[in-house]
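Listed next: structures, encoded as structure tokens.
The same subunit A turns up in both complexes below, where it pairs with subunit B and then with subunit C.
The block that comes next holds the complex of A and B.
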């Protein structure tokens, strides 16, 4: 309960202003396509040079918290996920927005973010020493199996057809091999200079999700001139709170998965939202509703990606190892003030570190307040006429993909992927499994190569990749996941065949 | 009509010429970008942001410097971009890491070499060190070498990647001890390589002095030796050099960080930068922040960097020729 003693620091006038500024600024930066939480925090680092260590960290902590949640705004309203963490949010969230339920989706997303986020930070406060050991337990072989576990979701994620899901996943895996191979430095499938760095994940996200949608809107605008307007339903906050209260299952699955996966260095943050979304769907009695604008999808994804924020800082604060790119930037924010993270950080700089953690706790709550405040007006975006909306999304897509590393190459990649995805969607493929392949490919590959190198120096690949309880547990999960997909797919096919017979 | 055209052409030419003449006098007129070949949060990115933070001071460049991250493949992506695509108008600089980019260009498969760039100034000098986990059975370089000699190819040793300073140090150690290590490159730079050591995924690791110093302060690692010709008195005065441990390893793997511009940049612009940038690195606020972060500095001017590049290139050609 030591942290309670340092709450006073957060309520000082300057600290409070920074907290407010960081939260509001973070929401805006997070909602801007192309600005990932990592970039947003990196942009704020120079501002902290002038501040005291505690104040600087308040700003960074608040910004980190709210950029992750802010990404949901563009994911829901524009179907442009701000970062990989928000992919799963776009799946059901944007469908809800299209049906005029944008305000409800935003309410739910911010409430779920807040609840997941607070629990995540509480885990950071109370369980840090235990969690640190857990984060270290993952070596190359475990990370490889984690990535493979993610790959097994591909077939069932947001796809009508199992085979088409797998195929889009394979396209994603192939796309991920483009560029210099990170381990050996060998160029692969590099046909243009813009591809030497591989496909930038943010540019890919924007292209795959936003562009097919823009093309759809333009096509529609040409076909019928009298375009239907979406009636934006007003939504009472009390209803949303009630709905969150009734969605205990989605909320708890999201929070638990987000917290556990968020801890794993290098993998967690990117896939927490997708894994939570997939698990919630599998355990839900209303499986078929997912992907059509089902609120539980938004709740699971958003509670997971904010629950991840607290635990993802555990390896950084206790072991000085940044577990994610954003944590690496935060490490810089600590170092410039001469604060070295490590096991005794909490004894050496208690005032700084507890103020930081407290500000994240309070930041979560402020984020919910401000998020809900803007939700009603933001949801009116759906009322914009289709041609204007299409043009606006296109501009944001170009701006967002350019701003990642100021490269026109990324813009071309974004447009090409988008046009390709438009064609693929016509054949029933979908973007989510493709993106999952794109994210997981490099993780699986690098850890496999690294694991094999270590294994060859030791007792050989079999003992290395299959030895130890954690490896076996992960392998069992992989096998279980494949069996589940296979059996449920067969059951569905059988049911379908029966229905066709009865129909005849 | 013809007269009008001639007049126009002449007017344009005059404008262009005065523009050219005054470009170096008034340089810089707008903010300058620095391409960093590693991701946000990495050591190079972090240090580049600190050493450029006072660029806007009137007595320095008078214009702010902003960072563009072009990460990928151990830096190859960013340096390829700087060599082939960046404008050489003085408004795009790059951060270099020696020996990384020189070693990569010798190894091939990239579009740059030391001749593709013009050095401006050096800010940092980060030697490679040998680290082991805090509970490791190795307490000195002698222990580690003895184990490596008994178990050839079984001493798993992590480092930030292939053909970076850490890899060069590993190659030099192998050559000096006449033993065989198992060098394991990691994706994700020095931080991932350090994690592998702390978690016990590998037996030993080669890492940056600055990061190893922090990890030791946190009680996570033991530092066995510094790959430099002298001890680091500022941060690790108790850690012997590899030479003291009986290994003939010099300072060739030391990671030098500094700024450069693409070939073809106006010599007058280079002159301005070569004069102002070292002063920027020596600014007291910069030095204070760098020291707080545990980042060793060594400011070198353009001539000194040119000499250092040439020496490194010659040495690396010889070391890598056997591979």
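The block that comes next holds the complex of A and C.
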């Protein structure tokens, strides 16, 4: 119950202001189609430089939590998920809205998000110190394999093509080596002056997540996008609370599945929402109602994608392996503030980490309150004009990346990486493994070099990096994640080929 | 070669060329100790890039729809404005002046409201001024970021 001792930090005026601002801002950003939670957190990082590490993390944590929940607004009202995590929410949520139950669907989605989110953060509170104690036994070889595992897991699971996923991870690892080598002080892959200091993680994060979305908005052209108008009529909140109380099955399935998926590195909220929706439908006596505007579909999907948020930080804080792409960006935020995740994190920075985790707990409650409050005007938020959003995100990306080190070089790198990522995404590559490679590259390299030195003084690199049960387990997980992705890709391709054959 | 196969082959060959350059530099640059980690990565990078190129050339790459002509035509004006803003205007005109110009130009290019509408122009100018005011308040006043001044500010 150590976390209770640090609750005071959350109630400081500055912390509360940031928590409120992050929650309301996150809900609005999440409700805006085209602005993903990952991009929102990446764009917010430059604003945390002037803040203390605890306050900076409070802002990022609040934004992470509320953008995922806010994404339900556009999923329900416009059938455009605000984030990939809200895809499953749109299936029944929008049908409810079309039947004049938009306010009821929004109430249920925020209440389910809040309950799932609180349970997820409680898991974060109780599981992280346990895993952190275990991680204390890790040496350089284990940390090296953990970093590689992070890249292979996210590369395998986050991409539709495992070759392209792993290739993205390799590109990220290579990008992380650009600049002066820390040990020898020699330049590596410095093709232009802007690369002398290496690739700044924050500028890269902004470019890789924001610019492709700006270009996606450009790709829509001048079309006046005819969005289906759905009127939001009032609904009694007490009725929604009663309904949530009677929806124990959907809520518990969503929360359990979301929490478990959050703990698996690299999987993320999209999978959590879809798996929870599917399982709830399978176990429901009203299977046929799913997809026609059944409230249980909304409750299962939203409780799952917010229950995922807390547990996705467990592997991040203890092992440096993010549980979702947004958690990967949060890792960048931690490193910028000089906070290096690991087994001794709770000994080195207990105040920062517990204040941050406690703020996420309070943030879940604020998210429900403000989410329900903004639900009335949600339709207006969700219909923000695309040209304004595109121009605004571009300008924010340029100013944000410049403000990191007040360097035009960072802005050039940000824009060029973003344009390159847009092109790569069009051909099936994914930003998340590339970002993880970029973030985990220095951790992998430092531990690889340190491990090589130890290995040379001992029995050689083979014994050091592949000896012992923990090394073998980690290597098996790396190989297993690649094999799993390879086999599931093959199965999908075979199914696709068969479907084409039948179609012909 | 079909257009889909060609679309996948070109980026796959570009990635392969990058992987080959990275591998070449990693194994030829000195001191070798500084390139130990890049060497390990480059082996996997090159191997995967070769596999990816083989799949693209043989028509096995199916993930990703590529970039069609309409998308390219729609993206190009915005992309040129973004590049012009960052590489030319930001330092020559000043960050805020160039930012306002870029915001207004992008909004005008992609706004579905007809260019003949006076109300449309008024709204675009007003939104640009309000947005840049917020950006100035955030970065210049709150975060005290010193941006390049250029001809204006």
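What we mean here is this: the second predicted complex is superposed on the first by the 269 of 504 C-alpha atoms of A that agree within 3 Å, B and C clash if a C-alpha of one lies under 4 Å from a C-alpha of the other, contacts with A are read in each partner's own complex, and residues count from 1 in each chain.
Everything that follows uses one rule, which is that a contact is a pair of C-beta atoms (placed from the backbone, for glycine too) under 8 Å apart; a residue touches a chain by one contact, two chains touch by 3 or more.
From a predicted model like this one, the values you see are computed outputs, not experimental measurements.
Once the two complexes are laid over each other on the shared chain, residue contacts for A:101 go to neither subunit B nor subunit C.
In the superposed pair of complexes, A:344 makes contact with subunit B only, with no contact to subunit C.
Touch criterion met: A:406 reaches subunit B and subunit C at once. In the overlay built on the shared chain, the residue A:429 is in contact with subunit C alone; subunit B does not reach it. Once the two complexes are laid over each other on the shared chain, residue contacts for A:322 go to subunit B alone; subunit C is not touched. By the touch criterion defined above, A:186 reaches both subunit B and subunit C.
Touch criterion met: A:49 reaches subunit B and subunit C at once. Legend: residue contacts after superposition of the two complexes on their common chain; A:390 is shown touching subunit C, with no touch to subunit B. When both complexes are overlaid on chain A, the residue A:161 reaches subunit C alone and has no touch with subunit B. Comparing which residues of subunit A touch subunit B with which touch subunit C, the overlap comprises 46, 49, 181, 183-184, 186, 406.
Interface residues of subunit C, counted against subunit A in their complex, comprise 7-8, 11-12, 15, 18-19, 22, 25, 29, 31, 33-38, 40-42, 44-45, 48-49, 51-52, 55, 61-67, 70-71, 73-75, 77-79, 82-83, 85-87, 90-91, 95, 99, 102-104, 106-107, 109-112, 127, 131-132, 135, 138-139, 142-143, 145-148. Those residues of subunit A whose C-beta lies close enough to touch subunit C in the complex are 46-47, 49-50, 159-161, 163-164, 166-167, 170-171, 173-174, 177, 181, 183-184, 186, 188-189, 214-215, 217-224, 385-388, 390-392, 394-396, 398-399, 402-403, 406, 408, 411-412, 415, 419, 423-429, 444-445, 448-449, 452, 493, 496. Touching subunit B in their complex are the following residues of subunit A: 38-39, 42, 45-46, 49, 136-140, 179-187, 193, 196-198, 265-266, 315, 319-322, 325-332, 335-338, 340-345, 405-407, 442, 446, 450, 453-454, 456-458. By the touch criterion given at the top, residues 33, 39-42, 45-46, 49-50, 53, 68-74, 76-77, 80-81, 84-85, 104, 107, 109, 153-156, 161-163, 182, 184-188, 191-192, 194-196, 198-199, 201-202, 214-215, 217-220, 289, 292-294 of subunit B touch subunit A in their complex.
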